[in-house]
Amino acid sequence: MKYIESFRDSDNISDIYLIKHKQSAVTKNGKPYESLILQDKTGTIDAKIWEPNSAGIEDFDVLDYVQIGGSVTSFNGTLQVSVKRARKCREGEYDPADYLPVTSKNIDEMFASVLNYIEDMKSPYLKQLLEAFFIKDTEFVSAFRKSSAAKAIHHGFIGGLLEHTLSVANLCNYLAQAYPRINKDLLISVALLHDIGKTKELSCFPENDYTDDGQLLGHIVIGTEMISEKIAQIPDFPAKLAGEVKHCILAHHGEYEYGSPKKPALIEAVALNFADNTDAKLEAMTELFASSAEDGWLGYSRLFDSNVRKTGE
Amino acid sequence: MKYIESFRDSDNISDIYLIKHKQSAVTKNGKPYESLILQDKTGTIDAKIWEPNSAGIEDFDVLDYVQIGGSVTSFNGTLQVSVKRARKCREGEYDPADYLPVTSKNIDEMFASVLNYIEDMKSPYLKQLLEAFFIKDTEFVSAFRKSSAAKAIHHGFIGGLLEHTLSVANLCNYLAQAYPRINKDLLISVALLHDIGKTKELSCFPENDYTDDGQLLGHIVIGTEMISEKIAQIPDFPAKLAGEVKHCILAHHGEYEYGSPKKPALIEAVALNFADNTDAKLEAMTELFASSAEDGWLGYSRLFDSNVRKTGE
Amino acid sequence: MKYIESFRDSDNISDIYLIKHKQSAVTKNGKPYESLILQDKTGTIDAKIWEPNSAGIEDFDVLDYVQIGGSVTSFNGTLQVSVKRARKCREGEYDPADYLPVTSKNIDEMFASVLNYIEDMKSPYLKQLLEAFFIKDTEFVSAFRKSSAAKAIHHGFIGGLLEHTLSVANLCNYLAQAYPRINKDLLISVALLHDIGKTKELSCFPENDYTDDGQLLGHIVIGTEMISEKIAQIPDFPAKLAGEVKHCILAHHGEYEYGSPKKPALIEAVALNFADNTDAKLEAMTELFASSAEDGWLGYSRLFDSNVRKTGE
Amino acid sequence: MKYIESFRDSDNISDIYLIKHKQSAVTKNGKPYESLILQDKTGTIDAKIWEPNSAGIEDFDVLDYVQIGGSVTSFNGTLQVSVKRARKCREGEYDPADYLPVTSKNIDEMFASVLNYIEDMKSPYLKQLLEAFFIKDTEFVSAFRKSSAAKAIHHGFIGGLLEHTLSVANLCNYLAQAYPRINKDLLISVALLHDIGKTKELSCFPENDYTDDGQLLGHIVIGTEMISEKIAQIPDFPAKLAGEVKHCILAHHGEYEYGSPKKPALIEAVALNFADNTDAKLEAMTELFASSAEDGWLGYSRLFDSNVRKTGE
Amino acid sequence: MKYIESFRDSDNISDIYLIKHKQSAVTKNGKPYESLILQDKTGTIDAKIWEPNSAGIEDFDVLDYVQIGGSVTSFNGTLQVSVKRARKCREGEYDPADYLPVTSKNIDEMFASVLNYIEDMKSPYLKQLLEAFFIKDTEFVSAFRKSSAAKAIHHGFIGGLLEHTLSVANLCNYLAQAYPRINKDLLISVALLHDIGKTKELSCFPENDYTDDGQLLGHIVIGTEMISEKIAQIPDFPAKLAGEVKHCILAHHGEYEYGSPKKPALIEAVALNFADNTDAKLEAMTELFASSAEDGWLGYSRLFDSNVRKTGE
Amino acid sequence: MKYIESFRDSDNISDIYLIKHKQSAVTKNGKPYESLILQDKTGTIDAKIWEPNSAGIEDFDVLDYVQIGGSVTSFNGTLQVSVKRARKCREGEYDPADYLPVTSKNIDEMFASVLNYIEDMKSPYLKQLLEAFFIKDTEFVSAFRKSSAAKAIHHGFIGGLLEHTLSVANLCNYLAQAYPRINKDLLISVALLHDIGKTKELSCFPENDYTDDGQLLGHIVIGTEMISEKIAQIPDFPAKLAGEVKHCILAHHGEYEYGSPKKPALIEAVALNFADNTDAKLEAMTELFASSAEDGWLGYSRLFDSNVRKTGE
């Protein structure tokens, strides 16, 4: 299969792509045409059907997988596909994994690392809490392994939530060793749980968009409620510990303006906030660098509120 | 009984007061003495036992009710009690209602108004939700009727939470009539529920201080969880409505910086935020005016970030 | 008459519309054309004259009423009129009321409610002040009844200032009853007067744009000066009361950053600020909902700094 | 007369001072005493009457001029007067000019410079406006020459308003020459008028405190209204020019957060804002340096949000 | 030569212009064309080569000087050149001074004024420091005389850095006379040195863009390091004076948010900050006025966060 | 020796302490006394000499080591020493290490870890730069090993700068392994160098206060200049690398408001900013916990803008 990231001016293409977006329009001269966005796991590209009523163009819809025939052209410096033929495909003709962005790491291995952390837990209550999610709740496990960590910005791909969660847990593991005042079991637990609300805040791929509850409540409160429900089923779970776990989740964005209803009041909440933020920003910059073939300055980044530059080797 | 607000310079007093605070100290000349704060429902006053080891001074502790004999003096323009005799009292010698700040309104009548709003509810689901709290949960009802709405600033007295809740519901009732786009049942429901988390955020009088969960989670999240628990027990409660109710609670402070993890996204959430804020500020200014015998300018108020002035008749 | 809000793709139209905007341009191929915006009281729509020099196209100008013949097409998902014939109309051929946005309420009835509030005023000085504007100053009355309350956002239509003023006065009337510390006469007076400066800040419809003084001074200061002029003509108007009235006007935006040179220092100023803000935001959301046929989420609103959603029935 | 700034530990004093403040109090041992603040034009000092009922202590009140006998002592590193004798004086026994802070410059000469600027004015309308204040309104002239420019911070002395006004006008005169796009007559006029509202915002010395209107309206709006009244009496004063003059006054604090209801929109408003701010800050630092005998670092200044240091010679 | 600012619709042009920008593109119909920006010292204009492969179009590149033949047309209300002939010119055919924006003042005269200030310096150390830059360092002098003071906003032209520096020094000279607490030698010195880092922050014309070090370090730190290097070569330069000079440079933006790592702590630093800001804003408004033929309101300016208006004569 | 942290009410003491502060004062009754602060490495305590002229009290000064005889009393709940005898000691009578706060870790071992990082450096230029400081510049090494990292808040003790630097380098080492896009040599280098300016920003113990240059320039700019000086002595040090090193130092506070003149533009600058902030906050909370014997809530912390709580075991 010819991936979108490898398209070059004047290429002829003839492969199956996911239709991310589709809109009818007319040119300034009044001629109707169709405006599309094609997607595969390597990216997206604009496409136009200039003759929508011609013989080779069959009917299809958004999120269909469609066999596209056409050629690549450059318009205002941007590549674009001029579509000559389009045929809607049946399941089986394509592998969905080719069309959705996915982590470059091994999902099974990453999940095994999560389970290792749970295995090592000394607090019986925290261990039960984590097992209730990551071992016993198979529906949660399935969603957690597939979710992205965001619509965009960083870890916005299948397995992204797992990858981000593990990175944060690893960094917290380092911090717990370096700063002995930290309660390691508590910190590792909230690292593993901090973003579980995202399994309900964002819908599945290929949509990967905010759900109703995602917009009304947000993943911080959704996740806190998920934890409360599990805790209610664990006999004698200490109230003080429950409050500490939930506080760390509520405060993990660190500042009110980022949607945390509480500021970190425990050393574990402070550590989680830094670990989450550090991983998010370093991964975001890594993805930013990967998305550009340029060396040196990449222009202004809103996330970093600065022009950013790739460091030389 | 001689109330603290009526104390004047040179008065002799001989009555029972609640000991709010007690600390041992020594004068600059090395003489030990005791520093107290006496409280009744009309206010508090500093008191000193200059001769703590004299015959008339019995042993007592913070939050005891103590028979105080002594005289009122003025020190640096502030009144102060010089204590000559002190005797710890037994239950029955005093009426606790005389010693705690309490709403000036009738608690039974106010609570009846709350029940009226519930009676009028057309949505069967919202009605069941409200009944689950205000009718069936007697422990909640008991706490709700007694709680204050704050440690200080406004409605910081027994019945204050009920008084504030009813004022907000009344204002929301007006708004629902004036702005037909508002879903009245939803707005009245969230008005009645918006601060229920305060029954767990603050401990009972006479302490009336933040609880552990109050500090770690805050009344916004505590209240949202209380609602989720009740909703889970109501068959077929619509998920969309549940999301709307909880969103209004989460967003009722209006701004991230005031601890709301979400900004108002529904017209009912906008209306609740204004009603809550309007009642809080108008009651706060009313209490500020009542606390000063001065006419005209009362000096700088941090809450209003301005010098404030009593309007003339 | 066929209103703009009812236009659908492929409709043929032949009616009189107000020309809101007109600009000459050339296509990428160098062909000249005219770009227009047509307006009636239901909205606006883009229109193009692709053959500006053809026989059916007469000369006309911005703010003319023009008989338009043509057809509706969809371009990039947006409707547009392709104009074939255009003829400038004479006064009498059209009713201006069809072309300007206007309140859906009865202007006479609303103004009668304003006069009722003045009738009920007990303070002779405030009553004289209000009469000086709303009864004796016929030029002011005429402007006040027709003004909008804003260029956009909320109440941006003929009668909008009156509608907003009355809503604020009604809410203030409720607050004065609910919070007895409020001086009702003072609060109702400043509610009626708070935005009178807008009669000079904005020019008349159909322009409805900022005047020179509107931009240089703003309606808060303009309104305060209008009040000072009237007060100067009322014998023995108490200086203290004059200061209070003007303070409420100056502080009614509540925060420096919204153009208030003073923060509310009186309880009536606090109440007016909340009433004004509550009406503005609830009306803005009502208009936002009315402007969209969509149910559910309407996307991001800058005014509310949030995605907003229509509540279900 | 022995001025307060020259008091040293162990000095005996016997002179007349203004009583700025007076309060009755009792020592920790219950002994009553009087706490005073004495003032002359060189500063203030705390004083105590330890034996208020002794023979040499006559009755007097705040703002009385009192013949004080006593000695200077050092308490916690601060000088203090121990008062042994006190006698209230009659007018004629003292010269008020010795007791109030006053500009170190010549008031007549400064006022002559103001009149020179008016003399040079080419615009007949602006000239008439300035004459209406600075020549024809003798009550205004008298107040303007005596007012301070602030309660504290900078120019907080008799003649301070005149001194600040002239400094700002001089700097504006420089700017009008250096930047030819500036309308010099307009800029000089608004420089002379920018703070005239302070004659009503602050009461006269020795009180020098905010008036009722000062707190409710502020000097920016008061001054704008004073200008409107004078303009109304000048035949044919151009409306456009009137708007420009008033805009410069309204915008002269530059930012909403400093109480300006408008931001500078004219180059003259920008220039006035900078000239006002530059003079205020440079004079404030000059006064700060003069108030300390220390060399080098003077500690944290809230106005400059920094530790500040005297530059070496 | 026909300057760009004099181009009118339908003009034919045949002159040499600098190519500021060049990009290949295709029309919606698939036809390739070239999009250019032409520049001379009076401004820039868009240009199109609709037939890039025609006989009259020779090959050229960005920053070449090219003989352009074509005609001016209006597209969407904006002028544009339709290019028919294009020929790359050799050095000697054109005068670069005609193509770059340049100060309207005399560079030699301005630089002489700078030298005069140095001549008048009484402090031997500051005099040596200034001479080390403005007299002995010929490479610096050459760069300083040619640099702009900014990419845009104000003084964004050849000689702009010199013009801005002299204006700031002149204003500082005024302030040093008006406020005797200021150390004049120090203030004039830091005025002359405050923006020298811009000679390395921005590359030369015609690029005039941020250098690598400009983006990574900024002109404030670059300038401070340049001063440190020169000071290291002056025997016995007092450490205290060196700290004061460098502090004024570091603090000259006045606020952290504008990139100053320190807030002004010396009166000279306060004065320099105001002088720099005043000149920048008054020059920016002057340039804004000059760039528009309109009278009256010029629309919203982000720099001034306000609509701005030309004052009438 | 009896350390200050072990003092209890009624203890008699007779040991040598460092005099941190000394001030003469008089009681309200006019009796002179001396107010002291005693210090050893475990803390400080107030002390009073009520009879300064008695036989046992010899003359001494601030920063002297003095043999103190007296007793511990409790005043307003705070311990205080009542001094009966005081004798100034000679060098040799005491060990200064007992009197200054010092890291609890081994300075030699920590410094060896720093040298290990340098040893492992692959970039010859960065290795030379680090050696120029940490190996060849013995004066720097001596200062660096002894400096604190702050006046207060965190690492405010001898060896604190070394301890903080090593912690940040260790965390950066972890990050460089976890995020392969990071240039490890660059990140470790800037971690080791990021706070070297503090050796000149703060004076030596026991003063440990801001120096002149510390206040005027700050450690960020001082450190950048120190690096520039060393780089200038390394032949062929690449300009690009020099810019990157200095940028990381300049941006390491992350935000303008914390004194960084640049925001992080390189991934190494982002990582350094997080590592520095994480270590500072976790160490600050660790020190806060250690400073209080209380369990649970410790009250409001300005640094964390929240009440903070020790987590349970």
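Think of it as A, B, C, D, E and F in the order they're written, each chain with its own count starting at 1.
Basically, a residue touches a chain if its C-beta (ideal position, glycine included) is under 8 Å from a C-beta of that chain, and two chains touch if they have at least 3 such contacts.
What you see is a predicted model, and the numbers here were worked out from it, not measured in a lab.
Student: For chain C and chain D, which third chains touch each of them?
Tutor: Intersection of chain C and chain D contact lists gives B, E.
Student: Given the pairs A-E, D-E or E-F, which one repeats the contacts seen at C-D for over half of the pairs?
Tutor: When the contact pairs of C-D are compared with those in A-E, D-E or E-F, E-F matches.
Student: What whole-Å value do you get for the distance between chain C and chain E if each is reduced to the mean of its CA atoms?
Tutor: Going by mean C-alpha positions, chain C sits 44 Å from chain E.
Student: Give, as an integer number of Å, the spacing between the C-alpha centres of chain F and chain A.
Tutor: That gives a centre separation of 42 Å.
Student: Tell me, which residues of chain F touch at least two other chains?
Tutor: Those would be 28, 215-216, 240, 244, 262, 265, 307, 309.
Student: Among all the chains shown, which pairs meet the touch rule set out at the top?
Tutor: Here the touching pairs of chains are A-B, A-C, A-E, A-F, B-C, B-D, B-F, C-D, C-E, D-E, D-F, E-F.
Student: In the complex, go through chain D and note every residue touching chain C.
Tutor: My answer: residues 212-213, 215-218, 220-221, 224-225, 228, 239-240, 243-244, 246-247, 250, 256-262, 265-266.
Student: Give every residue of chain F touching chain B within the complex, in rising order.
Tutor: So the residues of chain F touching chain B come out as 27-28, 73-77, 82, 296-297, 307, 309.
Student: So in the complex, which bits of chain F are touching chain D?
Tutor: 23-26, 28, 30, 215-216
Student: Which stretch or stretches of chain B touch chain C in the complex?
Tutor: 167, 170-171, 174-175, 178-179, 181-183, 186, 240-241, 244, 262-268, 270-271, 274, 277-278, 281-283, 285-286, 289, 304-309, 311-313
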